[in-house]
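As structure tokens, here come the structures.
In what follows, chain A forms one complex with chain B and a second complex with chain C.
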Partner chain A sequence: MIGAADEVRLKQVLAEIFELDPSTIDGTTSSDKVERWDSLQHISMIVSVEQEFGVRFSEEEMSELLSFERLRLALASKLTQ
Partner chain B sequence: MTPAEHGPDLTFHHLGVACYEIQAELASWLVLGYRPEAEPFADPAQGIRGLFLSGGGPRIELLEALPGSSVLEPWLRGGTKIYHHCYETYDLEGESQRLRGFGAAVAKPAIPAAAFGGRRVSFLMLPAKYLIELLESETISAGQARG
Partner chain C sequence: MVAPGGRASKVPAQLNGVVPGGVESRLAWVREKPTISRYLAATRQLRLLTPPDWPRVRVAVLRNFTVEPIEAYTCVKGASAGIAVDVQIGGYDTAMRDSLITDSWLFDYQPDVVIIALSLENLAPTFFNRFLTLSAAQANEAAQQTASIIRQIVSAIRERTTATIAIHNFALPRHSLEGLAETRSMTSLTSRIRSLNQELVALASGMGNVFIVDFERMAERTPIDARNWLVARAPFTPLILEELSDVYARILRARAGRSRKVLVLDCDDTLWGGIIGEDHIGGIRLGEAYPGSAYVGLQEAALNLSKRGVLLALCSANNEADVDEVFDHHPSMVLRKSDISARRVNWIDKATNLRAIASDLNLGLDSLVFVDDDPHQCEMVRTLLPTVLVVQLPPEPSEYRAAIESLECFDAVGLTDEDRRRVELYRNEQAREVARQSASSLDEYYRSLEMTAEVGRIDEISATRIAQLTQKTNQFNLTTRRHTAEELVHLAGQPGVEILSIRVRDRFGDAGLVGVAILVPGAHADEAEIDTFLLSCRVLGRGVEDVLLYATAIQGKAMGYRCLRGTYVTTARNQAVATFYPDHGFSRHVEDDTSWSLVLGEADLAVPGWFATITLPSNMKIGAVTA
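Coming up: the complex of A and B.
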């Protein structure tokens, strides 16, 4: 899992892209529940997460990162490599 | 020699303009002196119909969604009309990798494009959130077709 500080940073990125209150982002936050989470904002979010954490996601990974939970798990995997 | 020394392998090709209806948008470009280069084309693989225009400024590609496609909806909803820059390259994979190294994300992997006789295009979003289309050079495509 990622640390608490990284989780806050990840929520902040999602909050800015999807215009959400960071405190409302949790394990249930996903593309099918967030109105602004469309294909364009998804790519924008991926770019921002990659920049924020200095990681790179493959095209296959990008297409699966459609929820906060999946992002958190994928990020944890990247940061421990 | 690195790209920094001789410059990137990118030649400007056109600006992509998202429209609800090409015909409705066209009048505003005609008054600026632009003219259609050919008839509109449809690209079901990308979910769009397009029309290239030439005039006193950069080449323009007007784009509307095909029925059932929502590919342009995020841009139109956000009020963004000029939404991508297209650059031609002899090395689609190499330039894509170079931009990835700069922090860009692949928005759409390389696919053949109806507008360019099957030449491949791919889309990447730069860290500054500009959407870039890379178009494979005609020479490279012809070479690949010959095997």
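Coming up: the complex of A and C.
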């Protein structure tokens, strides 16, 4: 799992992109529940997370990372590598 | 169009005390970690924080691929320059429609800047992706078609708006299609895209206020994101977004009249290596051999700027005679005394000297760029004069030239011949100053100048210069309304409108077109409103404004108006003309306290007696006002 500080940073990025209150982001936050999480903002979010953590998601991951939970898991595997 | 304001140009670190604290802290937050998400969040916050007196610039983007993040980047970069930016992005791949149909959102939006960002891959997919399947004739046709589409879009926009137009040119293919043969082929994809890009330059050069965004060069330096391109047609990497928005910001600054005009140079360890007062003329480093060659490079860069119309000034702590000796006798000096428009070589602090230089040149401090090697001097100027752009020379001499050449703050919309002559004009101004000191009275001095003034109506040739004056003049400008040449030509054709300009010459030289007055129909039928009344600072204090106002009044009367109404719109820079209208016999308006009226025929307007000749357009006659 990613550390608490990284989790805060991840929530912060999502909050900035999707105009959310970071405290409302949890395991249930996903593209089908967040109004502004469309395909356009999705790309901006992915690139912002990549910038924030210095990682790069694969093409396959791009289309799968449609929830906070999945992002957190994908990030965890990259940050521990 | 663009509201007044006199704040600093780009370079965010400079903005302490210039941009309000709330805005500055948001900008600093983005700078600390420039992620797309921070740009987006900051843009939303900046909308609420933007001071109401900032100039607002509306930017429309016509595109055929995903550009969206550029909006936030452009808004943030605009805010760094004290400009409130609003961006509207057209539909995906509707650039043609957006510009050609009559009831398009584009024209309703009334953009100040239109950016045309088209991907060749989307515009001409066969040409770009399957180039080698095309015959030479087919390839040629595809290229011509592409050029024609852009020409149609640009012409349609130019016909219907006065916006600054910026066209993205096309990226070259990342890899050659034909191997080595590509390097020697005039008909390869690379060659064809290069000529297409040249055609865009030709298109821009043939039209007013059209620029090229060099995406070709940008994409060469930093490749697009292939993953995001294929997944979402979103090619811009964060790096490209930074570079692109810097270019857009440059256009915004020029559009908002935020260009700087003077490069102020330190001497020791800037123009040459070493301390002239200690090392003497034989000991300073300047010449063909390193490190002297680095200082030659810096001087050459400054010389090129001066040929573009940027004024050069010296501000250094030296004995004047020492500096003179280098200028007069050092064989490797590139700059001559005649290249320098103002100088303060003394032992007074640099902040005071910079103020004096600005006042010598009749310019604001926000027109100055100050170059020095000494971090303490730089810091002092940054602190005391936050609107001066400070360039501290980099640690390595080999980087000096680039430090000057990379300055992007000297752009003016529509460079005219007068820009190129400005250096010469200011030199004449210095000769005048000498004459002023020797003349026993001011009146006598003015007579000795043998000034001639010529008032004319706007025409196609003068429109660019007139527009430029409305864009750049901040001090002697009663309303600070910015106009483009296209707007002015259109306006001049309206009933009840007259656009006058004044040219001034004296025995030291031709000052060129230096003043503008625009009359438009006022609120009442018999009243003309003075929409614009301005004078270039290079002729301040010589009564030129009296001649222009006099001609304006005569013209108003000839057009059948009974009175003139003049408004003073206060800005940070135009305090000097706050009482211009009352000083000239206008009486305060009853309804509001920022406008004044003059009943034509009753007032006692006169032209100064020291003009050798005054020429008015044919239907005006001297003396008609008081008659």
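Before moving on, here are some points about what is shown:
The criterion applied here is as follows: the second predicted complex is superposed on the first by the 81 of 81 C-alpha atoms of A that agree within 3 Å, B and C clash if a C-alpha of one lies under 4 Å from a C-alpha of the other, contacts with A are read in each partner's own complex, and residues count from 1 in each chain.
Just so it is clear, a contact is a pair of C-beta atoms (placed from the backbone, for glycine too) under 8 Å apart; a residue touches a chain by one contact, two chains touch by 3 or more.
Predicted model only: the values in this text are computed from it and were never measured.
After overlaying the two complexes on the shared chain, residue contacts for A:I25 are found with neither chain B nor chain C.
When the two complexes are overlaid on their common chain A, residue A:I43 makes contact with chain B and with chain C alike. In the superposed model, A:E16 makes contact with chain C only, not with chain B. Number of chain A residues touched is higher for C, counting chain B against chain C. Of the two partner chains, chain C is the only one touched by A:S63; chain B is not.
Shared-chain residue A:Q51: touches chain B and chain C both. With the contact threshold set out at the top, residues 39-40, 43-44, 47, 51, 59, 62 of chain A are in contact with chain B in one structure and with chain C in the other.
Within the complex formed with chain A, the residues of chain C that make contact are 33-38, 40-41, 44, 66, 68-69, 225, 227-228, 230-232, 234, 237-238.
Listed in rising order, the residues of chain B touching chain A in the complex are 71, 73-75, 78, 100, 103-107, 109, 125-127, 129. Every residue of chain A that touches chain B in the complex is listed here, in rising order: 38-41, 43-44, 46-47, 50-51, 56-57, 59, 62. Residues 12-13, 15-17, 19, 39-40, 42-45, 47-48, 51-52, 59, 62-63 of chain A are the ones touching chain C in the complex.
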